[in-house]
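To keep things clear, I will list the structure first and then write my remarks on it.
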Amino acid sequence: MATVAPPADPESDPRVKAVFDDIRQARGTDYINNVWRYLAFDPGLLESAWADIKAVMGTPSALDPKTKEMLYVAVSIANGCGYCTHSHTAAARNKGMTPEEYADLLRVVGTASRLNALLSAIDVPVDDIYRAQG
Amino acid sequence: MATVAPPADPESDPRVKAVFDDIRQARGTDYINNVWRYLAFDPGLLESAWADIKAVMGTPSALDPKTKEMLYVAVSIANGCGYCTHSHTAAARNKGMTPEEYADLLRVVGTASRLNALLSAIDVPVDDIYRAQG
Amino acid sequence: MATVAPPADPESDPRVKAVFDDIRQARGTDYINNVWRYLAFDPGLLESAWADIKAVMGTPSALDPKTKEMLYVAVSIANGCGYCTHSHTAAARNKGMTPEEYADLLRVVGTASRLNALLSAIDVPVDDIYRAQG
Amino acid sequence: MATVAPPADPESDPRVKAVFDDIRQARGTDYINNVWRYLAFDPGLLESAWADIKAVMGTPSALDPKTKEMLYVAVSIANGCGYCTHSHTAAARNKGMTPEEYADLLRVVGTASRLNALLSAIDVPVDDIYRAQG
Amino acid sequence: MATVAPPADPESDPRVKAVFDDIRQARGTDYINNVWRYLAFDPGLLESAWADIKAVMGTPSALDPKTKEMLYVAVSIANGCGYCTHSHTAAARNKGMTPEEYADLLRVVGTASRLNALLSAIDVPVDDIYRAQG
Amino acid sequence: MATVAPPADPESDPRVKAVFDDIRQARGTDYINNVWRYLAFDPGLLESAWADIKAVMGTPSALDPKTKEMLYVAVSIANGCGYCTHSHTAAARNKGMTPEEYADLLRVVGTASRLNALLSAIDVPVDDIYRAQG
C-alpha cells in the first residue's frame, strides 16, 4: 500500500520515459525499481529526485561510490526510511561493501546512536577546541 | 548548562583516573574533552561509554578510521546531537577528511534526507530484489 | 500485528460507544477506522485522543481544514508514523488537496528535510533579525 | 560556533557572488542571512542549496507561498532544526501568517506529534480504505 | 531567542492569570517557568498545554509520579527537546529520582538507542509471539 | 524481508551457540527471538549486543526491571523501531506491567511528544533554575 498509485503505463509520458531511459543507461540494467515507478505519478518530482541522486551518488566526486552509499545507509537508518535502507544497503554491496564492512558500519551506527542519546540527555557543552578552523 | 555537574576533581576517583589516563594514551594528548568530564559523574557510565568508543572507533577494523568518523558524523546529524556532530567532524578532519570530502559528505546527507522523506511520505513498497542474499 | 488487541465488541462499553457515535456524526459515515478501534482498549485514552483531534482538526479555526491536514501529513512524515501519513493524506484529499498540491507538499517536505540536515550539520548560528517581534 | 568558518570575503569568489546577487534580487533586500554565508565555504553546495530553495519555495506553484512556508516550519520543528525553524517562521510571517494562524500551526504540530507517538506505539494496521486511488 | 515574545505583563489577561494561579497552587511555588510564560502569547494554547500536563503528569494514576517523569525525560531525549529534557530531569529529581536511578535511566536510553538503530538497519521481522494477547 | 539472511544453522558457530545458550539460561526458555537469530550473521556484533542488553536490562540495578522495560519502550517508540517496541512491550508485560500502567505509559509518551514539539517550535530558553546542582 502506498499513498499514490504508480502509473499503469508510465513511459507513455515522454518525461517519465526520458528519466527511465537515463536510469537504465546509468545502471546498465533494464530494471526500474519501485521508487521511480511510484514517483512517476508526478513527472516533475521524478525528474528532480533523479537529477539529485544522479548528481550526488552517480557522479565521480571526492568520496568513492562505496563510501557514499554507506553514508546514505547510515542516514537512512537514523531517519527510519525502510525502503532507503534496503535499497542503499544493496547498492553499497553492489559497489563492493563486504560483510565485514557492513558489520563495521552497523557497529558505528549503533555506538553513535548510543552516544548521541547520552550526550543529548546530559546536554554536554561543546568544547572551544571544536570551533571551526576553516 | 547541563543536567549534571562535572565533578570538580574527577581524577580523585581511581576509576575515572584510569579512564582519563587511557584516553590520554590512546589519543596522544593531555586534553580531556567535555563529554568525558561530564560522564565522570557516574564512573560506571563513563567506563562503558569509553569502552564502547574505544572498541568501535579506536580499534583497527574492516573500515578505515576516517570512514568510520564520517559515518559517525552522518548519524549524529540525523539524530540531532550537536556535541557529537562537532566533536566527530573534528575527529574526521584529524583523520584526514579534506574540505572536499566534507562537502561531499554533506551532499550525501542532504540528498539522503530529502529522499528519506519522500519515500516515507509515499510509503513505497520494497522491491523483492533487495531481499538479503547473505 | 499490534501491541494491543482491539476489543471484539467495543461498543458494549458506553464510553466507547459515545466516542464512536460522535465520530460517525462528525464525519457523516458509519466507518470507524482502525486507530479508534484499537485505542478503544482504554476508554480514557480513546476519549482524550478523539477530543484532541476533534478540537484541533475538526473545529473551525484560523487555518482552513485542508491546510491543517497537509500540516499534519508533513509532521507525520517527519516523525515516521506510517498510519498517520496514510490516514491524513486521505483526509487532505477528502478536504480538497489536488494531485498538484500533493506533489508540491512533497517537494517542500523534501527540500526542508535536505536543508534541515545541512544546517544541523554545520550548526549555523541564528541571525539576530529572526528574534521574535511579537 | 559552527563546523565551518564562513569565508571572510565570500563575494571574491564569482560563483558565490552570483548566488548572493540572486538572493538579493529575489528577496528585494541587501541582507544575506547566515545560512548562505556559511554554505559559501563550498560554492557547489551553496549553488545547489539555493537552486533547490528558489525552485521549491520561490517559484509560483500549486500551493501559495505562505502555506509552503508553514509546511517548511512544521517539518523543521519535527526534524529539530533550530535555525530552519527560526528562519522559516520569520519567512511565513513575512508572507502573511497571522499570530492566530501561527498558534493554529502549533496546535496541529502538537496534536500530530502526540498521535504519531500513540499510533507508532500501538502499531495500528493501516485500513484498506486508505489505499491510493490515484 | 525564541520565535515568540513572551507577553510583558501576562497576568493582565484573565485566562493567563487563571492558568498561572493554577500552576502556582499545583506546585506550591510562586515561580512560573519559561514554557508557560512563552506559551502565554496565545491563551488558548497555554490552557490546553497546561490542562494536558496537569491531567497526565499531575493527577494520581497507575504509575507513580517519579516513573512518569523519567518516561517523560526518556521521550524528550529521543525527540531532541533540550528544554523538556532539562525541566523534566529536574522534575524527576524533585519527585525522588536518585543519582543512581538517573545513571540507570541514561544506560537504558543509551542501550535502547543503540539496539533501535541496529534493528532498524537490519529490519528484523517481528516474531509471532509478540502478537497482542489483550 | 531483512537486509541480512539469518544463518541456516547458527549454532554450528561456537560463539553463536555460547550466546544462544546464555540467552536461554537467562530467560528460562528455549525460544530465541528473531533479533538474535539475525544478528548471528556476525558473531562479534551478536556478542556485543547481547552483552549490552544483559548488563543493562538483565542485571539488578537502581531501577526495577519493569521500569527499565517501560523506559526502553518509550525510547523505542520515539525512535520509530517497530521490532523494539513490540518486543519490549511484551517484556514489560512479562515483568508485571498492567494494562492500566501501559495506558499510562502511552499517555505520558503522547503528552511528552506534544510538548516536545511545541517547545522546539518556540525555542523556549532554559530557566536558570534547571542548572545542575550535582
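For reference, chains read A, B, C, D, E and F in written order, and residue numbers begin at 1 within each chain.
Assume contacts are C-beta pairs under 8 Å (C-beta built on N, C-alpha and C of every residue); 3 or more make two chains touch, one makes a residue touch a chain.
In this text the structure is predicted, and so the values were computed from the model without any measurement.
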Given subunit A and subunit E, the chains that contact each of them: B, C, D, F
Fewest touching-chain hops separating subunit C from subunit F: 1
Pair joined by more contacting C-beta pairs (B-F or D-E): B-F
Longest centre-to-centre distance from subunit E, chain (CA-based): A
Rotation, 0 to 180 degrees and nearest 5, that superposes subunit C on copy subunit E via CA atoms: 180
Candidate from D-F, C-F or A-D with the same interface as A-E, over half of contact pairs in common: D-F
From subunit D, the most remote chain by mean C-alpha position: F
Subunit B-subunit C separation of Cα centroids, rounded to whole Å: 34
Length of the line joining the C-alpha centres of subunit C and subunit D, rounded to whole Å: 21
Residues within subunit D bordering two or more other chains: 1-4, 41, 45, 48-49, 75, 77-80, 82, 85-86, 89, 103, 106-107, 109-118, 120-123, 126, 130
Overall pattern in which the protein chains touch one another (line/ring/star/complete/other): complete
Touching residues on subunit B, where the partner in the complex is subunit F: 1-5, 41, 48, 55, 126, 130-134
Residue ranges of subunit B in contact with subunit D within the complex: 80, 85-86, 89, 99, 102-103, 106-107, 110, 117
Partner subunit F, residues of subunit E touching it in the complex: 1-4, 31, 33-35, 38-39, 45, 49, 52-53, 56-57, 61-63, 67-68, 70-72, 74-84, 86-90, 98, 100-101, 103-105, 107-127, 129-130
Touching residues on subunit B, where the partner in the complex is subunit C: 73, 77-78, 80, 82, 85-86, 89, 106, 109-118, 120-123
Parts of subunit D lying in touch with subunit B, wherever the complex brings them together: 1, 3-4, 41-42, 44-45, 48-49, 75, 79-80
